[in-house]
Amino acid sequence: MKITVGVIGAGRIGQLHIDYLRKHPNVRIKWVSDLNCDKLKDWIEEQGIEKRTKNHQDVINDPEVDAIIICSPTDTHVDIIKLACEKGKHIFCEKPISLTLSESKEAVKCVEASGVKLQMGFNRRFDRNFAALQNVLAKRELGEIQSLRITSRDPEPPPIEYVKHSGGLFMDMSIHDFDMARYLMQSEVVEVYAKGQALVNPALKEIGDIDTAIVTLVFENQALCVIENCRRSVYGYDQRIEVLGDNGAISVGNENLNTLTYAKADGIKQDNPPFFFLERYQQAYADEMNAFIQAMIHDEAVACSIRDGLKAQEIAEKCKESLVTGLPIKIHS
Amino acid sequence: MKITVGVIGAGRIGQLHIDYLRKHPNVRIKWVSDLNCDKLKDWIEEQGIEKRTKNHQDVINDPEVDAIIICSPTDTHVDIIKLACEKGKHIFCEKPISLTLSESKEAVKCVEASGVKLQMGFNRRFDRNFAALQNVLAKRELGEIQSLRITSRDPEPPPIEYVKHSGGLFMDMSIHDFDMARYLMQSEVVEVYAKGQALVNPALKEIGDIDTAIVTLVFENQALCVIENCRRSVYGYDQRIEVLGDNGAISVGNENLNTLTYAKADGIKQDNPPFFFLERYQQAYADEMNAFIQAMIHDEAVACSIRDGLKAQEIAEKCKESLVTGLPIKIHS
Amino acid sequence: MKITVGVIGAGRIGQLHIDYLRKHPNVRIKWVSDLNCDKLKDWIEEQGIEKRTKNHQDVINDPEVDAIIICSPTDTHVDIIKLACEKGKHIFCEKPISLTLSESKEAVKCVEASGVKLQMGFNRRFDRNFAALQNVLAKRELGEIQSLRITSRDPEPPPIEYVKHSGGLFMDMSIHDFDMARYLMQSEVVEVYAKGQALVNPALKEIGDIDTAIVTLVFENQALCVIENCRRSVYGYDQRIEVLGDNGAISVGNENLNTLTYAKADGIKQDNPPFFFLERYQQAYADEMNAFIQAMIHDEAVACSIRDGLKAQEIAEKCKESLVTGLPIKIHS
Amino acid sequence: MKITVGVIGAGRIGQLHIDYLRKHPNVRIKWVSDLNCDKLKDWIEEQGIEKRTKNHQDVINDPEVDAIIICSPTDTHVDIIKLACEKGKHIFCEKPISLTLSESKEAVKCVEASGVKLQMGFNRRFDRNFAALQNVLAKRELGEIQSLRITSRDPEPPPIEYVKHSGGLFMDMSIHDFDMARYLMQSEVVEVYAKGQALVNPALKEIGDIDTAIVTLVFENQALCVIENCRRSVYGYDQRIEVLGDNGAISVGNENLNTLTYAKADGIKQDNPPFFFLERYQQAYADEMNAFIQAMIHDEAVACSIRDGLKAQEIAEKCKESLVTGLPIKIHS
């Protein structure tokens, strides 16, 4: 069985998905839509993709297309989702759904009313290590959970121009951690408290953003969670988790670039973890896309839904509110 | 040169200090004072200690005594400190100074007016690993610090009877972490936010205490700190620290009971860290006491002063206030 | 540019190579030859391979074929190599070349006379970790090398029927380690001493084989090497290397199935390394095949030649001789 | 109960033992004998030791003395042992017994005829990590053992003047590893093969010694053992063991100077293991001496006997023979 897909947005992440999709035995990539599609002509043809366009409507209107992969800028997501719902196309959508809760809620309504499948691009759920942790927790091997810690640090801060349109640290970066917290805890967040500083780049203060944060979450099941974020960890992309429960603690570490240990006169050295998120999560990106393909083939529920996207976005919004007001904020489900 | 000391309180921690002091080439233990000193008669004599009493005044009034080691219950500390100041005796005092800030401030005044040395029993500062971290930070090898994380978990909760008189989680347990945070950051705490739950033993709620906490500290230098506490970690006494700065991150782990790694069909195993804090910090207790002895011999400043004790206690109080009010609390220096 | 290949032998390892080759943008798999090709008909067609045959001559005689991939039983290798040389086809050949030195030497002559490229299937050279080690050593970061240790253990012994035709432990299993030793040391072996026992399965003694061995190699540059082999390590496929030199030591460890560390009351656990060599070396197999493809496209020397295959085989033969005679054996280059 | 001891030889290791003995509640150090005892006068008095002499006979002849601690040069051991046996004094003796098997055998006879206790200074048996390994093996948790590996490297080569009188690498350095192998395997060595090179300091060749060795041992129970020795590991004193058995493998690693892990832009660093053997085995030295004291107090067998010393010495001799002849050498029990 072949699923015919169109990819909307062929930037860095779009190209990553295309590279995987074109090798997938059950996928035909018919369309790529991108404002720069003329520049990308050669590359698109090398991938064996049949058609290109600047207008995503061409993709969505094609009756042969079963599903679209949304990798375009965040402010285009909701319109594309609505259109796809109308035309009954399944959707894979990069995070976040949008930058405002009201828009995202509309998108949720459309998707749920239309019955199309929508999988959010929360790639970290597909990391073999975090998935293994989730599996252990789901089997309740640790008993009740007391606390969860997510350490999530980018190797270097993005350009300030990017930051200005990013929705801020919580919406752009921590949103993955909020989703991870919900995924692991299987309980909803009922309160947040966020403390943040612009320590790496104090100029962020002027645009109301931060680069270092400690977020405390309280879950409905009473467990606590702390998320440590920073826009810079010079030793590489740092993504670790630790959870404490009745029966012990589990920590998930980084993987280094290799397993070499150098013992020299001035100390013992190992190489860093990968610097680039695409390298760290290479297999996870492949696995999330395959999960989406399989959900369509077997008509099964997607692994993370638009509602998961909404929940993570809501936590991000409340963190921003907490940061601004200096107060803990309740979340009512 | 010999320092003549008297030990006040010969419970678990008093006996630990005695065991070290009696082997110290520059120390003569002349007195032990303890309400149970009759029961301890044989043990005290085996240690080669000359005199025992139920009344700590006997110790403090002895003109031969240079210094006292206070290991008696917290509510006796301030009176003993005052008396020792009057008599010009140097003081080693287990934490906390007292359970109320006003009393502790009085003690600070007495000590500073009298000119006697007082070293607080913040043993963790003398742990070779944490001391090595402090050394690296003091040399500013990491550059500016963005965030600090202290994970501090007791292996099993104390009896509820103990908890009732302990001053609560922050005063009894986290106070060590508050001191460690100040010691490492070399900056004062200006704001705290504490979130806590009674998850291990819900009965603690009834006495207004908690067993699981996430504390966020903000330092004067703007760096952030998170402290993770739990009264139970079934895998042993868990004391780890991680700090992130301009030039990287440093983490300090636990030491396991041994260096064996067992690879078996069902996984790779290592033995746990020690379960008991006296075992984990055995060398640190010896080193802190030796530091006190050396400070007296060489007439130097002590490594951690009564003012350090006051600061840690103040943070603990503010955390309690934050827990009760649900709000972040400022600390004015 | 497209290289047209034919795969000879579609057993486990042949299928592995096919799976990679069919996704390679510069490869067209035209032929599969296998005695069981009828049974494999469906699978071969799913791979998009055009033609199948029971006779490898059909493949080699096809003028369109640029290269053959030899994955058939060892006793067929030399004949196939000779034929391919006659027809000017490039060759990728699984190890060992043959089970007798004289035959292998003939094959070397043919290949070198014909000028075709032949790459031996020493996949471990392409493991990112071992390759990183080789890179460090080649740059002489460790200075002169004193000793090298290779630990190489299979998770479970093969069936005794397989062992009977395997050429014995040294030819079948250690041959990879002999190649690795030469690859890392960049010096030739001048003496071997092998001690072995049948400890896992004493029945091996009856067929003159062993399952546990300690091999000592002396290199022309005087450095020493020890290889530890065992046919069974119940905790998984165990492949580690350590090298000691003037400036320190480097060790290369296994990678576990995931990065989880479970701390429980009865100890700290991690999951094992992969049990199956195809899983451990999955990426290395892809990388060695790509290296072969690139060597053809760019007309460059292959990464490991038939002469490398001959050298490793020679060491294996001498080890067998050492085992039988109980004496160290010299190797004259 | 007090044991009265005399220490013969107050060099580095003698002083180490004195430092421990003087704190032991059951020990009175009455004598120190050393050719340099006049120079050491102040130090000896500070330790509270009553008497000093240049003549070890003064110590042994003193009827108050229960036991002697032999820390004098190797060539004095046998005479001192014989005299102590005559006078019925218990003996703690540093390794090796002597440099010739015939002398050592005489010493064994004397000791066994006299009934005095003699404990050999195989301190590594008392390392908590190796002792834990021995305990696991003694309980047969690994099932049958296939192979054992001992990695034992000194941080830097001793002066060549020392080496000249050391008995050579096997007698001076590897002897500890031979004892460890027997201790762990609980089986006797029946064959040795030793390969060695002078790679760190080629000048050793001229005095017939080596600095890098690979030794293969075969045990009576058929298990194999490899010992890797080098006189130089610039990263510190390196003492590791790994054992493979039916149920898995256990490895015992080094302990680093601290538990800090520095993640920086150029890699992840840890501090080295201690450089100095006295630091690495500090606690083991204390524990071996306490074991000797306890064996006397409770009239129990010592933990490692003079016969253990003889066995290790015999293996060292056979290794030397193997090195010289280039052949494996059998050992008949």
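We call the chains A, B, C and D, going by the order they appear; numbering starts again at 1 in every chain.
Definition applied: contacts are C-beta pairs under 8 Å (C-beta built on N, C-alpha and C of every residue); 3 or more make two chains touch, one makes a residue touch a chain.
Quick caveat, the model's predicted, so the values are computed rather than measured.
Q: Look at the interfaces B-D and A-D and say which one is made up of more C-beta pairs in contact.
A: Between A-D and B-D, contacts are more numerous in B-D.
Q: Report, in whole Å, the distance between the mean C-alpha point of subunit B and the mean C-alpha point of subunit D.
A: That pair's centroid distance is 40 Å.
Q: If you average the CA atoms of subunit C and of subunit D, how many Å lie between those two points?
A: That pair's centroid distance is 42 Å.
Q: Please report how many Å separate the Cα centroid of subunit A from that of subunit D, as a whole number.
A: 58
Q: Give the residues of subunit C that touch two or more other chains, as numbers and ranges in rising order.
A: Residues 233-235, 238, 247-249, 263-265, 271 of subunit C touch two or more partner chains.
Q: Which word fits how the chains touch one another: line, ring, star, complete or other?
A: Graph shape here is complete: every pair of chains touches.
Q: Which part of subunit C faces subunit A closely enough to touch in the complex?
A: My answer: residues 23, 25, 46, 128-129, 132-133, 136, 247-255, 257-265, 271.
Q: Going by the contact rule set out above, which residues of subunit B touch subunit C in the complex?
A: Its residues touching subunit C are 233-236, 238, 256, 263-272.
Q: Can you list the subunit A residues touching subunit B in their complex?
A: 144, 146-147, 149, 151, 153, 193, 195-197, 199-200, 212-214, 216, 218, 222-226, 228, 230, 232-235, 238, 244, 246-249, 326-328
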